[in-house]
């Protein structure tokens, strides 16, 4: 099997579906994206890069950023993080507040919005948002060896102006003492991390350590321990697609994290990191055609972690 | 790595924890089990069998039976089953009825009680409970090549006498037309399947096809297609431990299904099926020491599916 | 103000609305009722009776029976009843099971189905359903001085055959030990009490003690203490119309209890008991035109308890 | 019956209970109140005033203010208000956010916090908070003919600093477009209205129009129509005590609204308005001894609206 050929076949499989789904429209900067964009990049643990379509056009990674802020936060506070956020699938949409009331301000997992806001609060930890965002940006540039990655200020500003549900979540958790910094500062970090602008190649490179036992490259420097890489993968599998996580595991069989910008990062442990981008979303808020492309890729490569 | 040695090390790891947890006491037949029992069996895809402790003493497999009835039901009605039961983690305890009200009588997945009752209803499908139970028993004996497996009538009777929550679930789903047979017949099948009495060796043998691309033995007959084996594994990973499924994936990293009798069946795809038994349960109703033993085994073998 | 004239005016007010709403169709015996039926009876504390329309045609009183079984149960077990059932509006539909899970099998109030099933269980208390139903029937006949009141066996049978949600509620509460008799016996009482067949005059007469300080007639025998009559009225006001109780209080301003057969019993303390019947139901399951008629009557008489 | 004597008897009835309950401690200004304070004032529709205890000592009226802002808002936007807030008891605590998620940002009623925030938003309606608060203060002074009533700035400031749950509610409703002004302005109005400082005599006077067919005094000027007075009373009865509204109706039998400062305003239609103050709260957040005093008063006067 040549990955080059696999990608060609995947493109054939999804050709008729490109443009499907509904582009996120809650902020102008996302709404104006062309729904017919489609890109995919596979970076193997050997360092080979295979691409198809618009794989080098930057998009807003949105919630995919949660994987990287979680990695940073675990590096800083270690397993103590789990006192403030759970590790269970939520069974509810990404921005649900019901679960928080039932569980006293402890979000179910770090990939729903409430959980990612707690993670951002952990990273902020008394600093200024500017410093924390600098740290996040440095980390992304380090993982990709690419200093051109930026945060899209216009997107961040739009998020801030329309983010009332996230403000509700943050204030609510503050009432339970599970936000330690001023709400607006924590939200500032969160809204900006979501506005990270990256293309599929950069995103796949950034996620490679999760496919690679925690190492930056085969035999290279360690980003996280092997065990931690496994655990982050486990969280992506059980919680990475909100209330469609079970379906993604069933159909694709790889750990993955989606973003409302239409991107998905998927991990084939020991094999490769894969990034796909197609802006149209399905009913659960995950890339419709992106999911189909990963399903095709997983079937054609046999990379499913389930046998 | 010799599996023989691994099992010895696992036993050392858990030795101080044997007897921990709380034995299920809702029916007399379960409550009287000695909490200090501990057994483990590993059956590899090559057919090798490794055991430790009380691996040949039969126990009530309870909810682990849901894996096998799901397999049978998929064989009978195919993917159409998913119209009557979902594939998402529930985020709620095994016997919660709240989710059913919110989702119009469609259970979240086939491994919570409500979902398994729908699966049993599918198998019953106009027949008499006795016939359906005969079919289930034949399937278990076929998978294990062992005709000594039985259903413990005393346990089944006890379940029936105390199963008011399950009766509530079944009646409730009937009100939504998602139970098609008379409630008491469907419950009859469900209560009896839970009373299957098996030991760790039998259970690991029965689950081997899930580690083995759907084949009974390496190169042997097909039980299910490779793709279906993967999908059942995916369901076990995301939903196999109720509202502790995320934690099990995080700590153990293998698809698994627990039972309130203290058993757990875990699958290491391409490697082996593992059964463990230790009656004491943790707060989520899963075997406390059994989970620890699987965590130790996965770490020592590197069998985690997450890298 | 002559009540005779008021009733005429009420009839004019609702004339254009007769036939509105949706007749309950879950059991054949209810579904076949002519939706254009409309009757109303007012029985004053002085014993005067005023009627309009089909006030002497019997209908299935359904949930209105809960007022009378509650009265009987309080007579038997006194205020201890409140250990098994609450006194708060539920904020949920009449047959919701969610609240029961959150509150450990204790129904919110005696007028939702779950609460009324507990009340029936209290009355049954080790006897046979036949005896308890005899007692209920005797009570209705005593209150109305009318031995022609019967339980419609066909309706009761239909309820039993379709009552899966109620069976779910009863089994669920049994799991929390809040049903003390065999589930099918308790449900037998409940289904039959709902099948009581009465006309508006009989129903208003039966409720008169609640308008009359607990006395059967002015200066007559005591059914309940004055304080208990007040309290039952308070429960009717806050809980008598399920999740539309607030709206009924807002619009009508009288304690009332509705039934899915299209009847409503309303109490004007110190003034009169009113029964209205119009089979078409609104979205909350209460008589659409019956509510309008009571709104008109309350406005024209100034009988609102709110000033 | 002389009201003077009734109040003496009430004081005897509650004497042993003064100091019971737990003073609200979430803001310092409330926490430092002497728990042994007790005051009561009854203002009849004839204008007679009867007092006992600390009836002329000002306290923070908190949620009782919701009755008056509702009255103002109905005067401004009329029945159209009910498009933005419901009229049903919530069955949940005063600050629950769960109900809002289920019902798309429409609060159940105007007396839970979310509902009162919507009411405040209605009053603000593009103005500055200072203007709206001026209007509220003028209304309270007009109703009581007492220009000494003030808003306690220290209490308002404390509320603002600790009001993260209320900020969550407001942001959440803004996300559903049910808050029309900037969240911090609407909250500014809400936090300050809760900080109104009044004594029992002032509060009873302010509420008199609700006992008096909407008139300021017998035969005096109209504050609201008779019908609207009835409807506000109905809302107080079904929703005025959060998830203990049913219990208050059952025990006291009068429309009432409680505040976390320990005050309760109760209305005996056609008879009198009653204000009671005792800072210790019961488990539902309502004045423990204040409720007992009203229960005693209602029993001794026979003012229950339920017969």
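As written, the chain order gives the labels A, B, C and D, with residue 1 at the start of each chain.
Note that a residue touches a chain if its C-beta (ideal position, glycine included) is under 8 Å from a C-beta of that chain, and two chains touch if they have at least 3 such contacts.
All of these numbers come straight from a predicted model, not from anything done at the bench.
Student: What is the minimum number of touch steps required to go from subunit A to subunit C?
Tutor: Minimum step count, subunit A to subunit C: 2.
Student: Distance between subunit B and subunit C based on Cα centroids, please, to the nearest Å.
Tutor: 47
Student: Taking the mean of the C-alpha atoms as each chain's centre, how many Å separate subunit B from subunit D?
Tutor: Result: the chain centres lie 55 Å from each other.
Student: How far is the middle of subunit A from the middle of subunit B, if each middle is the mean of its Cα atoms, in Å?
Tutor: Inter-chain centre distance comes to 32 Å.
Student: Mind pulling the subunit B residues that touch 2 or more other chains?
Tutor: none
Student: Using the contact rule from the top, write out all pairs of chains that touch.
Tutor: According to the stated criterion, the contacting chain pairs are A-B, A-D, B-C, C-D.
Student: So in the complex, the part of subunit C that touches subunit B is made up of which residues?
Tutor: Touching subunit B from subunit C are residues 96-98, 100-102, 164-165, 167-172, 174-175, 183.
Student: What residues on subunit A touch subunit B, complex-wise?
Tutor: 86-92, 99, 108-109, 210-211, 213, 226-227, 229-231, 233-235, 237-239, 243-247, 249-250, 253, 255, 267, 269-270, 299, 304-307
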